[in-house]
Amino acid sequence: MELVPATDQALPPGFLTARSGRATEEYFINMGPQHPSTHGVLRLVLRLDGETVVEVVPHLGYIHRGIEKQAEAQTYLQYLHLTDRMDYLSSHHNNHAVCLAIEKAMGIGVPERGEYIRIIVDELQRIQSHLVFFACFGADLGALTCILQGFKAREYITDLFDAVCGSRLTMNFFRPGGSVRDVPEDFTDRVRAVCGKVDAMLAEFDRLLTGNLITKERARGIGVLPRAEAIALGCTGPVLRGSGVDFDLRKKAPYGYYDRFEFSVPLGEAGDSWDRYLIRMEEMRQSLRILEQACRSFPGGPYRSKEKPAYRLPTGTWFGAVETPRGVFSTWIVAEKGEKPWRIHSRSPSLANLAALNPMCVGHKIADLITILATIDPVIPDMDR
Amino acid sequence: MTLRERFSMVFGGALSMFKGMAVTGHWLSHPKGIVTEQYPENRKTLAMHPNFRGEVVMPHDAAGEHKCTGCSLCEKACPNGSISVLNTRNLAGKKVLGKYLYRLDSCTLCALCVEACPFDAIRMGQNFELARYDRSGFELTLNQKEGR
Amino acid sequence: MDYIQTTNFIGDWVRGLGLPWGLDRAVNGILGALTIAGVVMAGATLLVWVERKVSALIQSRLGPMRVGPWGILQSVADILKLLVKEILVPNGADRLVYFLAPMLPLTAAFMVLAVIPFGPTLQVANPDLGVPYLIAMGGIGVLGILIGGWASNNKFSLLGSLRSGAQMVSYEISVAVILLFITLVSGTTDLRTLVLTQQGTVLDWWVFKVPGLGLAAFVLYLISSTAELNRAPFDIAEAEQEIAAGYHTEYSGMGFAMFFLAEYGNLIASAGVAATCFLGGFLPPAIGVPAVDRALFAVPGLVWFALKVAALILGYMWFRWTFPRPRVDQLMALEWKFLLPVNLGLLSLGALFTAMGWVLP
Amino acid sequence: MGLIQKLPAVVDPLPGGRHLVDAVDTIVNWARANSLWPLTFGTSCCAIEMMASSMPRYDISRFGSEVFRATPRQADLIILAGTIVDKMVEVLKTLYEQLPGPKYVIAMGSCTISGGPFIYDNYSVVKGADRIIPVDVYIPGCPPRPEALFHGLLLLQEKIKKESLRRPWVDTTLHTAPFVNPFTRAALEWETQEKEREPAAAEARAKFAAENPDFKPFKAERVLPPPMPDLPRPAGKGAGLPHGELFDLVRAAFPSVVLHKNEGADRASVDALPSDAPLDFVVPPGEYLAFARFLRDEPRLALDLFFDLTAVDWEQPPAPNGATTPLAHRFHLVVQLLSTVHGHLVFFRVPLAENEVPDDSRKTAVLAEVPSLVPLWPGANFKEREAYDMFGIRFSGHPDLRRLLNPETFEGFPLRKDFTHPAMVKRPY
């Protein structure tokens, strides 16, 4: 892709002149920040030729909350609770990454039960997040029943989180060394019951949306992201795997006890929206497999290791990364003396994946832009932080 | 696309449509599948999970005494300064809690204060009906009287 | 059984008054128009509620519950609220056209329903060229959407109205061809006569009478009319996820309410046309057993007509809440590359069948 | 609207007119209260709960409010679901103006009530949405449960039912009082109060001491957490190339490249490093591009995925006497690369010296410059824009170097240690 900066003053900021020179008159449309399908407050400026997208420029920052600056004035535990609010669809994963970094820094171990709790909760949340993806993907395609039924399935998991973690969305559950409290006694039974319900709903979703001809026509061949481009753009998660790159942190660099479980990493071939959709649907089934195994061998014992009176990280840089539903989320801590970090940076998978939006959309229709954006599955507050 | 493929697309597509309609038809004809909880109507039976984090409360015993010592650990643990522990001295000259100010408007219900409390003096309540018309009423005093 | 005497009941009553100077015609027209307006408004308001309840059931929830029993007054509240809402006109809008636009789709619905025989003695007007008239009136609605989108001075509106312009004009052709097919096989363009040609048993309805073709035409009509109605899954003109609210993005208050009601008015009209042309209109579903038939005929024709329309509308709603939306070019391709050729083939086959007399007795 | 607003003026003076107006009031309020159509507007976490409340389990349609309108022209209600930041302010004001009256606003969640979790040390979050648009009902929570949202909605319905055409709907007033740190305010108020009470209290204390000479102070009982084992962390599992080999490969090609904070490292000491912490190289600025290209193209490393790019500002706070120690390298630009083939991560950093700029413009000037990595990895585009936005580091050769997150007109670079902003209030402790 040749990048030439815009020299034409008439173009709005961010547009490149490289692809202009068409015979018909082009025009610009502003989508967002308040738009039903930009998944929050993403603002897209489209350059259109009729209904065909010539170029997309995303504008971020409409929910930039300065979390990284604020983190420098907070203790690690307080920062941990802020990470819930970054990628709220995978708050456990965010917490997990921060906890990993702190555990590495302070040499805190996690008991077996703690690791199992983490994996179960992580995988439940992966399913939950992918259900939201399914819901929004269906709704963005115009099948409004999907969004409601998808959320109905999600609600089973939310309810479990509500009972176990005490809150429905911003759980604040993990702590360095385990989790904040133990799970109830009937936890595995409840997880199994939820898995059964979700599994049944997934079968229905397949008949409702996956098999549908219109869905296939709307997603197949739309937003093709070639393998090399996906890697160069720094995409991770289902967007990368949709392009056929076998990269899942749970397999490549297993954290926790992920190497104890059997599951497969679904890969796409064409790298189009359809592949990304199928991958997420399959990942939910793989997560159900992990959950089944984890429930079968759920150990007893302590759920966390001894609590430190205060978290003072040794000077240095510490790193923790986890595979969230959207890709690799990592926390990079620069610790100096004291209870507060010198600098905390988190890598947002959504931001990297969003970079693929423009290359994928060019030449497609406005409606396809919505499909493609839905299969990127961005969480805007995670990008903006 | 060959004619055969075209035909299979049309008829396969029609079949997929019917499958989809069968799914929605099943939902349409089975009102038992309705999962709605009717909130204001079910208020009497609605119970939160025991771990649920409502607003911060300070339990008082039968004598109206609380367990807070005014150590301000919760104040330090709070990520957004929602708690002000304002101490006074009691009759014996000992430093005790004077006023426990809790600002519900900025509280994120994260329970870090409850975790930090070594005396089990504060807990997360179960009340969720906290909405108000004006924002000034969100500053609450949790203790009913000064500390011992 | 040709006991049915289809008459214009309002006309009879007005004629009985014996008004001078042709006033009877004027009174007749006004009364008819008011009846239709009442039926459409009340029907549309009810349908909004029905739609919300149907969608709620499909989505495993309850739907409106708190206004009246089972929330039945919900859409009344909505319409009332929209009535007393502030009306905003965007800067740079063409005011005359902006206010004119919402009336056209509703007018189209009135005009279509004016010629539909609701019952043996319930029809406001019965032109000889009923079927061509239906086709002509169907074309008015799109005008409202086109000029509404244009007058709003908003790019989303314009996109929506252009989309719907392309879509409705295309699908009208399909609808027209299918109506022509019915004219061809029935040999009449008069809607009352068209209903009466379906007298007899259920098998005499046009959906069954021409073996295979009738059913195909019926299904194709349902698909094309869904598209013509701009209803999901073919609602690309107001595709919320893509172009905000499409052509009515800039309409607030009453303007929006008119578009909103027009959608349901047209739904009734469209279902009414389908019931009249394919399902024997106000005729009961007789099965050829005299005892049962006598009981069926005892029920007024209006009830049968309403039941058929209700069933069709339920079908439309069921479609709507099941399918994703095709893309704009796919929708055009569906019409021009699939539906229209098939419909034209259907028309030719219809001619063949009629000529050869391959219809059920 | 319009005509019906004139109804009280015309009808009220007529005999019995009051009752007519009352009846119209009741009907209109009933319609308005039961048909609150919200705008599709959600910025962050609360939006998910707002969505969940319209989903089967909770079903906001029972209140007639499931008609989420994408266009503000048809909405009656804005549910402010999520944080409002500076960049959003103008957008939100416009949206509010586009709503036809009467219009209502529910502030959902602590972010929109007061700034919530972002109230302190934050430069971009608005401290209460009622400073921008009038708010009718506040629902605390982070995020509030769907039931809590319904409770707020019911409160709003009650409020609407008390309206009358005699008092036409108008915008309620904005919260305009300047932001005062509530924590400090409470402490100050308490202090003055204590001072006022002190004489009386001292008297009482003296009296009490005289009356109860053998008073034993109350001792609060500590509630200990359940005992947990003190576990050491097991050795981490590395992925891809072992550290030692990686180190040798790099050193063979670039002898000037060293490990961060471990300049004298050799093969043996690198082998002993924990394998789950990526190696962190320091690259001289001159070799930055060449080194990056080497990491990407060397097949045994194959660091093809651009993982992340960020920076650190090492500016120390001034000493108590106001003296600042000049730094040789103020910024470290940190690049993180990942190999999708092998799975290993490599970090490298470039120390950047500060450009000479006049002291008064130091806070707002771009202070360092490095070549852009966009030609090597197009994925560096957003990351470099972010680093430019946050640290004021210029990336020469970047195709579109604009601020990414902050508004174009923003002054200063937030993640620099000397950054100040009028809206930033320091958190106590």
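The first chain written gets the first letter, and so on, giving A, B, C and D; residue counts start at 1 in each chain.
Just so we're on the same page, a residue touches a chain if its C-beta (ideal position, glycine included) is under 8 Å from a C-beta of that chain, and two chains touch if they have at least 3 such contacts.
Because the structure is a prediction, the values reported are computed rather than measured.
For chain pairs B-D and A-B, the one joined by more C-beta pairs in contact is B-D. Work out the mean CA point of subunit B and of subunit D, and you get 20 Å between them. Subunit A and subunit B have Cα centroids separated by 24 Å. The distance from the centre of subunit B to the centre of subunit C, with each centre set as the mean of the Cα atoms, comes to 49 Å.
Separating the CA-averaged centres of subunit C and subunit D is a span of 51 Å. Residue positions of subunit C with contacts to 2 or more other chains are 58-62, 65, 240, 244, 321-323. Looking at subunit A, residues 35-36, 74, 81-82, 145, 148-149, 152, 155, 170, 208-209, 212 sit in touch with two or more other chains.
For subunit D, the set of residues touching two or more other chains reads 55-57, 59, 62, 70, 117-118, 120, 142, 145, 427. Taken together, the touching pairs cover every possible pairing of the chains.
Considering their complex, residues 54, 57-62, 65, 318-319, 321-323, 338 of subunit C touch subunit B. The residues of subunit B lying in touch with subunit D in their complex are 34-40, 46, 55, 67, 69, 75-76, 79-81, 84, 86, 88-89, 91-94, 98-99, 101, 103-110, 118-121, 128-135, 138-139, 148. Taken together, the subunit A residues at the contact with subunit C in this complex read 27, 29, 35-37, 51, 138-146, 148-149, 152, 208-209, 212, 214-215, 217-218, 365-368, 370. Contacts from subunit C toward subunit D in the complex involve residues 52, 56, 59-67, 71, 74, 76-78, 80-81, 84-88, 240, 244-245, 248-253, 256.
Subunit D meets subunit C in the complex at residues 1-2, 4, 27-28, 30-32, 34-35, 37, 55-57, 59, 61-64, 66-67, 69-71, 73-74, 76, 98, 100-102.
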